[in-house]
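Both of the next two complexes hold chain A, though its partner changes from chain B to chain C.
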Partner chain A sequence: MSAILSAEKITRSFGGLLALSDVSLEVGEGELVGLIGPNGAGKTTFFNVLTGLTRPDAGQVRLCGQDITGLRPDRIAALGLARTFQNIRLFGNMSLLDNVLVAGQVHARCGLMAGLVGLPSGRREERTARTRAIELLSLVGLADHALAPAGSLSYGDRRRLEIARALALGPKVLLLDEPAAGMNPAEKQGLAEFILGIKKAFGLAVLLIEHHVPLVMGICDRVAVLDFGQLLAVGRPEDIRKDRAVISAYLGGTA
Partner chain B sequence: MTPAWFIQSLLNGLSIGSVYAVFALGYTLVFSILGIINFAHGAVFTLGAYLTYALAVGSFGLNGLLAGVSLPFTLPFFPALLLGGFLAGLAGMAVERLAFRPLRRRGADALLALVSSLGVALILVNLIQYLAGAEIYAFPADVFGGLPPAVIFRVAGKPVAVRTAQIILFAVSLIMLAGLMWAISRTRAGKALRAVAENTDTAALLGINVNLFILGTFFLSGVLGGMAGTLIGTSYGISGPYFGVAYGLKGLAVIVLGGLGSIPGAVLGGLVIGLGEAFLPADMSSWKEAVPFVLLFAVLLIRPQGLLGERMEQKV
Partner chain C sequence: MDVFFSSYGFLLAMVVQQALLGLSVYYPLLAGQLSLASIGFYSLGGYVAAIMGTHPALAALRESLGFWMFPLEWLCALVLSIILGLAVGLPVLRLRGIYLALATIAFAQVVNVTVLNMPIAGGAVGIFAIPQAFDSRLAYLFFFGPLLVLALAVAFRLERIGPGRVILSIREDELAAAAMGVPTTYYKVLPFVWGCALAGVTGAMSAPFLNTWNARQGTFDASVACLAYVLIGGARSPWGPVFGAALLVSLPEVLRPLRDSRMILNGVVLVLACVYLPRGIVGAFSSLSRRMRGVKEAAS
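Let's turn to the complex of A and B:
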C-alpha cells in the first residue's frame, strides 16, 4: 500500500512545551486512520502542521510524494488536503451554498476576473460550481436549506455542512477533527456510517481525530495513539486494544 | 423653508453624501478584513485627486519640484478619473506592502499597523507637497468638455440649480457603490472576500490565497479613495496636500456612524452626513465641519454600535 499522506519525524514545540516529538505517521490510499489520545496530546497541533497552519520545527510532510512542508495553507488545500475543525468554523453570515462554493474555488479554471465581469466561460463555470455544491449539500442531507445562513443550523447539521465544505475542495485526504463531539449515541452511529460512505464514494483517505474510542475502533483500518506529543503506537484496532502502553496511558485501567 | 430650498438641499446632500459613502467604503473594506483602520486612506484620497488633475490638465503650478514640467499628453476627464483611480489603487497596494504586511508577518499587534499606516500617510502627503507644492488646485471650468456647467429647473416658481459636477459625483458614486455591492454579494471573488473577512485561517484552509485577497482589498480601497478624492476635487477644488485630512476624519465619522465593518452602514452613514451638511441653514454654514461629529455623537448615544453595526460581544 502506497502512502498518500506521510508525516516524517514531525517535531514542534511551543515555548518550553514539546507539543509533537518525532511523530511519524502514514495514511495509505483509501485508508481510514484513527488518531486518538488524551486532551493536550498534540492531535490538533498535528493537524495544524499537516495543513500548513503551523510550521514544524523539524520533520517533513508529504502529500502524494510531494514535499508540502512549509507551503502556504491555501496551496496545501489546493493540492488535496482538506480538514474540518474541532470547534466548527463555518462562515455564519453566509448561506450554506456560499459556504460550499467558497471552498470549490480552487478548481475554477477561469480567473476570478472572468467571473467578475460575467464572461460566458466564467458564468458557465459558476453554474457548474453551483450544481456541484448542491450535490454535496444533498449528500449531507442539507440541500433543502441551501440558501439559509449557516449560523441558523443545528449543531449536528453544522458538522455535516463543514464536511460538505471540505469535500468541495475535491480532496485526496480528509482530516476530521473530533467530528462526533457533542453527538448522542445514535448520531455517532450515523456519523460512522456517513464517514465510511463518503470515504468510499470519493475514494478518500481519512485521518480521524476522535475521543469516542468505540467509534474509532469500529470503523478505522488502523489506529495511532498520541500521548504528550509522542506516538505511542500505530496498528490495527485489535492490536491497539491490547497494547500495554496504550492501555496505561489512555484506555484506562491496568492490563 | 421653501420647496425649492428643500429640493436643492436634498440634491446637494445626496450628491456629496454618495461620495462620502464611496470614500468611507475604502475604510470599511480594509477594516472588515484586518479589523483595523487604514490611516493612509485620506492620503490616498489626496493622491488620487492630484493624479487625475495631472492627467487631465497636464501640469502642476509654480512651487513644487514638478513646476514647469508638463505631461506630453492630457486625457479627457473620465479616462483621467479612471486612470487616476487605478493609480490610487496601486498606491493602496503599496500601503499594504509597506505598512501592513511586514507587521502582520511578524505577528505584531494590530494597533501597530495603525501607527505605520499613519507614517505612510505622512510620507505620501509630504511627497505630494514636495512635488506639486502647497498651492490650491482647481480643475478648469471646461473639464467636462462641452457639458453645460449646471442644470437649472424651477420648483414652485423658484430656481433650483444642480451643477454638472454634482450630477457626475452622484452618478459615478452610484455606479461604484452598486458595482461593489453586486461584486461582493454575487461573485466568486466577493464570496471569497467575505470568507477572508470572517476568518483568514479558515479561508486559507479552503484554498483561498489570503494575502492576495488582502492586497486586492487594498487596491479596491485605494480606487475608491482616489476616485472620491477626484470627484470632490472637481466639485470643490483641491485645497493642497492636506486636502484629505479633513475628509479622512469625516470618513471615520461616516463608518462609525453607519456601524464599523458594515458595507450598507458606510453607504447609509455617508448619505446621512451628506444630507446633514446640506440641510444646515445657510446662516449656520460656518458650523458645517461640525455636522458629522454632532450627528455621530447623537447616534452613538442611542446606538453605540452605529446605525447598521452589529453589537460587538465583549470577549473575555
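Let's turn to the complex of A and C:
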C-alpha cells in the first residue's frame, strides 16, 4: 500500500497539556480511515496539524511523498488536502454557490485584471467554475438553494455544504471532522453511503473523525484510536473491536 | 441654476472627493480589515502635488508639460502610495486581528510629524498658492468624477468575479478561507493597497482644488470622518461610502440657517443613524426594498 498522506511522530502540546504525543498514521490511496477517541483525545488537533492550522512541536507530515510540515494552510489545501470543521465554518453571509466558488478559485488561471476588465478568457473560466460548483451542489442535494445565504441553511445542510466546498478544491485526501454530529440514525446512514459514494467517484482517500462507533466500524477500511494524545491502536475494524487497550479506554466493554 | 452652482459647486466637488476617501476605507473592509491610513495617504498625495506644483526647481518641467503636469502629479502620488502601502500593509496583514487599525493610525501620525519637520513641505504653514487646474471649483469634478466612477466600477465588478469572492470570504472567516486554499495575506494586502492608492491620488487631485496644503489635512479627526462615511452609509455596498459622504459633508451646510443649533442637530442625526441603521443607510434601503419585493411576491 502506498501512503498518500502520512504523519510521522506528531507531537503537540498546549501549555502543559500534551494534546498529541508521537502520533504516526498513514492513509493509503483510496482508503477510508476512521479516527475515534473520547472527547479531548486530540483528534481535531491532529487535523489542524495535518492542514497547517496548528504547527506541530515535532514530527513530519507528507502528502504524496512531499514534506508539507509548516507550509501555509492555503498551500497545503492547494496541494490537495481538504477538510471540514467540527464547528462548521462556512462563509455565512455568502451564497451556497459563492461558498463553493471560493474553494474552486485555487484552480483559476486567469488573473485579477482579466476578471476586472471582463476578458473572454476570464468569463469562460467563470462559467466553467460555476458549472462545476453547481454540479457539486447537486451532488449534496443543495443545488436548488444555490443563491441562498449559507447562514440560512439547516444544521445538516450546512454539513453537506461544507463537504461540497471541500470537494471544490479537487482534493486527493478529504478530512471529515464529525460530519454526522447532530444527525439522526437515518441521516447518519445516508451520510455513510454518501461518503462511500464520493470516495469512489472522486478517487479520494478519506480520514474520518466520528464518535458513532458502529458507523465507523461499518464503513472504514481501517480504524485508528486516539486517547489522551496517544495512538492506542490502528487496524482493521474487527481487530480494533478485540483490542484490549481500546476496549478498556474507549469502547468501555460494550463491544 | 448659476447661483446654485456658484454656491453649491464647491460642496458638490467636496462630496465626490470625500466619497473617494470613504471608498478607500471601504476596500480593505471587504477583507474585514479596518484601515485608518487613508488620511495619511491623502495627505502625502496632496504634498506630492503641492510640491510638484510650486517648487521652483520644477518650473521648467511645468512650463513644458502644461496641463499634463497634473496627471504626472497623480502618477507620482500613485507610485508613492503603492510603495508605502505595501511597506505598511505587508508586515501587519500577515497577522490576524486589529493590528492594521493600530499600524495605520501610527502611520498617519508619522506622516504628519514628518511633513511638519520637512522644509520642502513648508512646515506648519504648509504650501500655498498651488496652481489651479480650473477656474471654478465645480470643474474639479472632471478630476474627481472619473476617479469615483473607476473606484465604484471596480467595487461592483469585484462582487462578480473570483478574486472578489475570495476577498469577501476572508471577512467571513479568515481561518476557513485559508483552509480552502485562499492565500489570505495576498488578498488582504490587495484591497488595502488599492485603497491607499485611491486616497493618495485623491490627495494629489485635492491640492490644486483646495489651493493650500498643510498638516491639518492629515489629522486624526479627518481619519475618523472617512470611517464615519462608511459606517453611516453602509459597508456592504459600494454606494454606502458615497451616500455617507454626501450626508456628512452636506448636512452641516444644509443646516447652516439654523446657526448654532445646527451642530446639535447634526450630532443627533448621526447618533440616530448609528442606532437605527446598523447596516448603514444603503443597507437599510436594500433590506427595505427586499422586503417590499417579498410582499409583492407573496401577494401575487
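Convention: the second predicted complex is superposed on the first by the 253 of 255 C-alpha atoms of A that agree within 3 Å, B and C clash if a C-alpha of one lies under 4 Å from a C-alpha of the other, contacts with A are read in each partner's own complex, and residues count from 1 in each chain.
The working rule: a residue touches a chain if its C-beta (ideal position, glycine included) is under 8 Å from a C-beta of that chain, and two chains touch if they have at least 3 such contacts.
The model shown is predicted, which means the values in this text are computed figures rather than measured ones.
After superposition onto chain A, partners chain B and chain C are found to clash with each other.
Once the two complexes are overlaid on the shared chain, A:Ala224 sits clear of chain B and of chain C alike. Shared-chain residue A:Leu71: touches no atom of chain B or chain C.
With both structures placed on the common chain, the touch criterion links A:Ala205 to neither chain B nor chain C. Of the two partner chains placed by the overlay, chain B and chain C both lie in contact with A:Leu101.
Residue overlap on chain A between the chain B contacts of one complex and the chain C contacts of the other covers 51, 53, 72-74, 77-78, 82-83, 85, 89, 91-94, 98, 101-103, 105-106, 108, 112, 115-116, 126, 129, 165, 169. Across the complex, chain A meets chain C through its residues 51, 53, 72-74, 77-78, 82-83, 85, 89-94, 98-99, 101-103, 105-106, 108, 112, 115-116, 118, 122, 125-126, 129, 165-166, 168-169. Per the touch definition, chain B reaches chain A in the complex via residues 183, 187-189, 191-192, 194-195, 198-199, 201-210. Residues of chain C touching chain A in their complex: 154, 157-158, 161-166, 168-169, 172-173, 175-184, 190.
The touching residues of chain A, when paired with chain B in their complex, are 51-53, 72-74, 77-78, 82-83, 85, 89, 91-94, 98, 101-103, 105-106, 108, 112, 115-116, 126, 129, 165, 169.
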